[in-house]
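One chain, chain A, links the two complexes that follow: it is found with chain B in the first and with chain C in the second.
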Partner chain A sequence: MIHAIPMMVVLPLAGAFFIPMVSRRAAWVPDAVGNAVMVVLAVISFGLIGREGIYHVGGWPTPLGIDLRLDGLTAILLLAVNGIGLCAALFSVSYMELYTSKFRYYSLFLFMVAGMNGVIITGDLFNLYVFMEIAAIASYALVAFGCEHEELEASFKYAVLGGVASSLILIGIAVVYMITGSLNMAQIADRIQTIGLTPPILLALCLFVAGFGLKAALVPFHAWLPDAHPSAPAPVSAMLSGVLIKAIGVYVMARLFFNVFGPTSDLLAVMRLLGVLSMVIGVLLAVGQWDMKRLFAYHSISQIGYVMLGLGLGTPLGLAGGLFHLLNHSVFKSLLFLNAGSVEYSTGRRNLKQLGGMARILPLTGGTTLVASMSIGGVPPFNGFWSKLIIIFACIRAGFYGLAGWAVLVSVITLASFLKVLRYGFYEAPAEKLRVERSMAPLMAVALLLLAISCLAMSLFVVTGLESPVLVDRAVEALSAGVFGM
Partner chain B sequence: MLELMLEPILMPLTIAFLGGLVCLLLPERLIRARGLVGLATSLLVLLAMWPLWTGDITTYHGPGILQLRADGLACLGALMSAVFGVLISLYSISYLKVRASGRRFFTYLLWTLAAAEGAFLADNLILLLMFWGILGLTLYLMVGLAGPEAASAAKKTFIIVGATDSLLVMGAGIVWMLTGTTRLSELQALNTSVVPLGIAFWTFVAAAFAKAGAFPLHTWLPEVGERALVPVTAYLPAALDKLLGIYLLARASIHIFALGLGERTGLMFLGAITVIAAVMMALVQHDLRRLLAYHAVSQVGYMVLGIGTGTAVGIAGGIFHMLNNAIYKSCLFLGAGAVETECGHTDLDRLGGLARVMPLTFGAFLVAALAISGVPPLNGFASKWMVYQGIIESGQERVGLWIVWLAAAMLGSALTLASFVKALNATFLRKASPEVEAAEPREPSAAMWLPMLILAVFCVALGVGVHRFSLPVFIRPASGTALKLPGVWAAGPATLMLLTALAAGGGVGLLTLRGRIRRTGTYVGGEILSQTYISGVEAESRPDLEVTGVDFYREIEHLPGLARMYDLARKGAFDLYEIGLRVVGYFVELLRSAHTGILLTYISWVVAGLLGIMIFLLR
Partner chain C sequence: MAAEGGMSLVVKTVTRWLKGLIFLFGMYIMIYGHLTPGGGFAGGVICASAFILITLAYGAPEAYRHLPRGAAEKLDSFGALTFLIIALLGLWFAGVFFRNFIGTSPESHFRLTSAGVIVPCNLAIGLKVLSSLFLVFVMLSALHIIVSGEGRRRIERRRHTP
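This part shows the complex of A and B:
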């Protein structure tokens, strides 16, 4: 099974090049190839759960070649990226009919998936940078996919700020290379053990926090997200908010800080601080929004804050809460964006002030929006309840009563803001009569149902006890095992 | 999994859950079948509660957090929930608006029942949190069944309830961290003078108050009472939520925490305010359902007062009042539902004269109204009497304040009676308005009046049989202590004397007045109004000359001092929800004004953030 790891990058890359080559002859090819690749990737990533190992690309041993690492953390992130990717791809089949040149869309989509998968599995710092840029540049293009004024402006801001982050990260990598003489993560970890965290290494850490913090949209590096995420087509928004900010932001930070540099108390404090800031400011900005997708986008900032807070505690329970929330958020947030997409698909609107009564018009979307809203609002029996509960418990156990209080407050405002969405968008009568332009397409319904069922099913992972939700316990082990050994 | 579901202590949950599923899967048009499934399922749940109630099964330990136990307090709540499930199902079968809500009503009703059984029987704090949260969700969904008009009430309800649920999570976390366990039966008498545990106790109180609807977390209740479907109001806010909220309060105050004087005084203070403030609001309402909802708040004050006394009789009284209140309040709401079904609205200004055409509804409503006002020998009197005794007894440890609480409780009782005199008069007794006559109200179907009558019979039985079975069967196992009642109240003889007196008075009246009663229209200054013409209009049809109870009570709003309070209350000055909205709104505007969309600003934030992190890490 370990030989399947490179497939996670090779397959989507191959698909991305294949689609534009043949699609001029057959219009069905982009849909078919895109979805087939995503199905295979989802199946592989499901099979990788619970496995571990290192794959040497080209058969070169560690210092010479590039390592691909598979451990518990990698496995759950691959599952998130490719599972959500599959749902988004299914949703795209009908939804992307609203746009032109579908082959470009699927090609970019697969590039983005390849980039994310690459970031997650690579054990080499510069390789990570390259994959990150593949994913990021594909996402700049996807944000601008509609080519309207707003979308181009959002994409421009996103590209500029993303570029700033990338250069910070590149400088950081250069500094690390200068000090340790290696780009292999395990080797860097090994050398840092002997050198210690000298000021240049600390400088690199600062650059990484800011750089990856921007990719993860942590406050104060968040400003690009509320423009970029809503501007993209709905399935892309689902990918961006659902997995991209985690794969190339949170995941990399967790990997580097816990497994390469080793978490110091200062570093953890920074993570917690950024986490709480994002939680509070993100949710306050969200609750005042009326554009559905923009509201969801601000909530991504806030929810990423929860993840960072959990990780920043550094305790096994905190890590479990943070990682579980990361997974849960990718499910319910992508579901929310797909719901917004299906509302937009049938009415052409996404402003809550112009919507209303959607629960009657689109009963399925009404149901799945309710499920996703309750999940993000932390209401049982849905998955978000459990991860928030674990994070709050972890804060208290680590002695941070104040942080637990913030987590509670933010959770209340989150719930309030989603009840607002439900009230104005779905339950209350619309201000003016809505014209339903298209009815729901079957594949869109399948994607929504898959994600909604996941929201409920993921709750089952905590039945055996809060300390170790089955899905993430290996990932927690991977993070708390300390830095990589050679 | 199947074995787990067939575990006897889990049977009530399983049955209710599966019944709900069946209702959801039944085709849309089988309206009556869904109702019958709902009724049958809740009867089965009641049956499945029997082995728990008789004490044959008490605990169950499954995998992980799945720990349950059935002690007296839990059983009382679980049994009564099932009883209300049966009665409300029966009532709802023929309730028109339930039919319009499609398959969802009975599904939500049964799932609510399942979650309530789970919340009562849970022996694990986390399991309790889960069921508690689900109950908030089902409350939201059930309120929302009334359609677009109820959307805002549903939202407000769930924000208040959900906020306290989150607080409860934090409280549970604190308890877990300081004791190392989440098993409820292992948590005994935690000392609230330890600051984190004190905080934890108040989070439990907040969750209980929001669910039961006590000041200052009650503000969702009047809106729900006015806008939700009547069976929903009678089921959740009036009955199950009271049982649940007071169950949690009692569990926390009696078992989990050992309260200090500070906590007890705090509880009694909030209880007294709840009684008075809510009944003052009830007095000036013009809508029967809204009026009843304010009473649903006011009555919680007695339960909080009783539990806050910390004395055996007070606690038992509080729990007894919880039971009684659920019964008569549910009955009152069902009565309001019958009125609404027949007349199309519940506006007190436009009702009247229904006693003649709906005698059964009137009878049940009258009994319940007298019970809520604490008229002996009905059940409301018995429990209030115990609460009063508890308050007096609590005064022995600290002189002074008890007299205030007692005065508040008794004044509240008097004002309750006053407001029900108004409601009874306006709805049933005074002359029917032409609008009512045009609606041609009749007695509703048996499925509707039967639950009301059963509840009214409960009101009488629990009151008259207070020593015979109410206390020994229901309350003593729940409150867990032997009761020593200092005051003298012999319900049986007193009832006999009351009945004799009523019979004698009635007999004298009948004998002396028979055949000599003169019926005439309203007259003023000797002139019968129907025979005079004022400015060409026949006077009797002039509403401005009708003096109704509703107008009479309007004067209260203009009393000096009170006028200002009413004014503030109407503007939401006492509503935590409104205050919260304003505070959050302020910060939202502040943050939004910073997000100008200018790229340079955003880049400067990035630079500032980087510098800040560098200063912190490189120092």
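This part shows the complex of A and C:
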């Protein structure tokens, strides 16, 4: 089973290179290969739950070669990326008929998945950078996939800011390499223990906060997200908002700060500050939006704020809340984007002012939107309620009463903003009669149902207690076990 | 050789003499990557520069005669897939992903056969870099800037004012 670890990168890469070679003659190949690869990846990532291990690529021992690390945190992130990836791929089969050159789409999609899986499993800092760039560059191209004015502009903005982030991160890695003489995370952690957090290391930390903060779209680094995420095709928006900003932003920050540099009180305070800023500003910007996907995109900023707040508390309960919310957010946010996609697929519109009564026209989408909205708004018994509850409890237990208050307030505003989506988009009669261009395709319905069921099923994770939700407890152990040992 | 299009006769003649030599040098850098400075990436860049030189001197159609775009796209994916397959063969034959499964003897030191899978890996990377760099160049040279609206009016105003 240990050989399954490199397969998380190998399979999507192989698919991505194979698709453009054969698909000019056989039009069914991209759909078949893309979905088959995602099914296999999802199955493998299920199989990797509960396992741990280090894979030495090429058989070279730790300081010489590249390590791939599998632990509790890796396992839940892999499950999120590949599970959501599978749903997005299923959704794409019909949805991407609206666009041309499907083989390019699936090729880029698999590159993005390969990059994210690589970032998650690698134990080498430079390897992480390379995989992050694979995922990021594929996502720039996917944002611009429609090739219209608005999409190209969004992609350009995203590419420029993403390039700034990548160069900050690269400089940070160079500084770390200069000081510690190593790129292996375990060895870096080991050496930092003896060197201490000297000024150059602190500089690298600042660069990492800015760089990965940009990738994770935390306020004040969020400017690219509200343009980039709505411009992409719906399944790609689901991947970007659902998992990309977490895999190459939040996950890497958590991994580096908790397992490589070691969390200090200043670092945790910075994480909490960024978290609260994103939470509050994101939701305030979201309330006034009328474009459905743009509204969802602003909520991503706000919900990532919750995750950072939970992680920034640094207590096991806070980590559990943050990581559980990360998982939950990836499910309900990708469901929301796919719902917006199915509305756009049927009517060609996504502005709430021009929509209405969609619950009658698309009953399934109406239902799944209701589920996802209640999840993100924190209504019991859906999964979003539990993770927000854990974060708020953790804030109170750590003595941050103000932060807990903000978390409650933001949750209420989030719910209000989604009631607006439900009312104008789904339950109130439209201002003018809507013309339904296409009915929903079966595979799209499957993807929506899978995610909606997960929204409910994941609230069962707390049956083992709020302190240690299923799956998340091992990830919390991995983060709170302190820095990597050699 | 087409006399029309492209650059001057001097450039064209020099290109005709040099293109093979540049390609050959690129192949040398690729194959001897484990013994001398260089490797797959550097060799691939040099090989691609031969095609880019042809594009500059003669224009894109002549370059496509040497390396058609469709073939370059296929080679691009083929190179990467080959690299991946070599890595997987390590898993198949030696039990570890990317293991160097071709054994080397002490007598082979400082010879071409001293590095096992590194030579095929370098060739695969070279193929990938060659074709993708050529494609990047072709794509960039095929771009036309379309100016519309206010920008076009400004350009026209500038053209009409003496």
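The definition used in the following text is that the second predicted complex is superposed on the first by the 486 of 486 C-alpha atoms of A that agree within 3 Å, B and C clash if a C-alpha of one lies under 4 Å from a C-alpha of the other, contacts with A are read in each partner's own complex, and residues count from 1 in each chain.
Note that in this section contacts are C-beta pairs under 8 Å (C-beta built on N, C-alpha and C of every residue); 3 or more make two chains touch, one makes a residue touch a chain.
Small disclaimer: the values here were computed from a predicted structure and weren't measured.
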Considering only the touch criterion stated at the top, classify A:G288 as touching first (chain B), second (chain C), both, or neither.
-> first
So, A:G357: does it touch chain B (first), chain C (second), both, or neither?
-> first
Figure out whether A:G58 sits in contact with chain B (first) or chain C (second), or with both, or with neither.
-> second
So, A:L170: does it touch chain B (first), chain C (second), both, or neither?
-> neither
Partner chain in contact with A:L13 - chain B first, chain C second, else both or neither = second
Have a look at where A:C206 lands relative to chain B and chain C in the superposition and call it first, second, both or neither.
-> first
Which partner, once the models are overlaid, touches more of chain A's residues, chain C or chain B?
-> B
Overlap of the chain B and chain C interfaces on chain A comprises residues none
Chain B contact footprint on chain A (complex, rising order) | 157, 160-161, 164-165, 168, 199, 202-203, 205-207, 209-210, 213-214, 220-221, 223-224, 226-227, 266-267, 269-270, 281, 284-285, 287-288, 356-357, 374, 377-381, 385, 388-389, 392-393, 395-397, 401, 404-405, 408, 411-413, 415-416, 419-420, 422-423, 427-429, 462-466
Which positions of chain B touch chain A when the two form their complex?
-> 63-66, 126, 129-131, 133-134, 136-137, 140, 144, 148, 151-152, 154-155, 158-159, 162-163, 165-167, 169-170, 172-174, 176-177, 196, 199, 584-585, 587-589, 591-592, 595, 597, 599, 601-603, 605-606, 608-610, 613-614, 616-618
For the chain C and chain A complex, residues of the former touching the latter = 70, 73-74, 77-78, 80-81, 84, 87-88, 90-91, 94, 96-100
Can you check the complex and tell me which residues of chain A touch chain C?
-> 3, 6, 10, 13-14, 17-18, 20-21, 24, 55-59
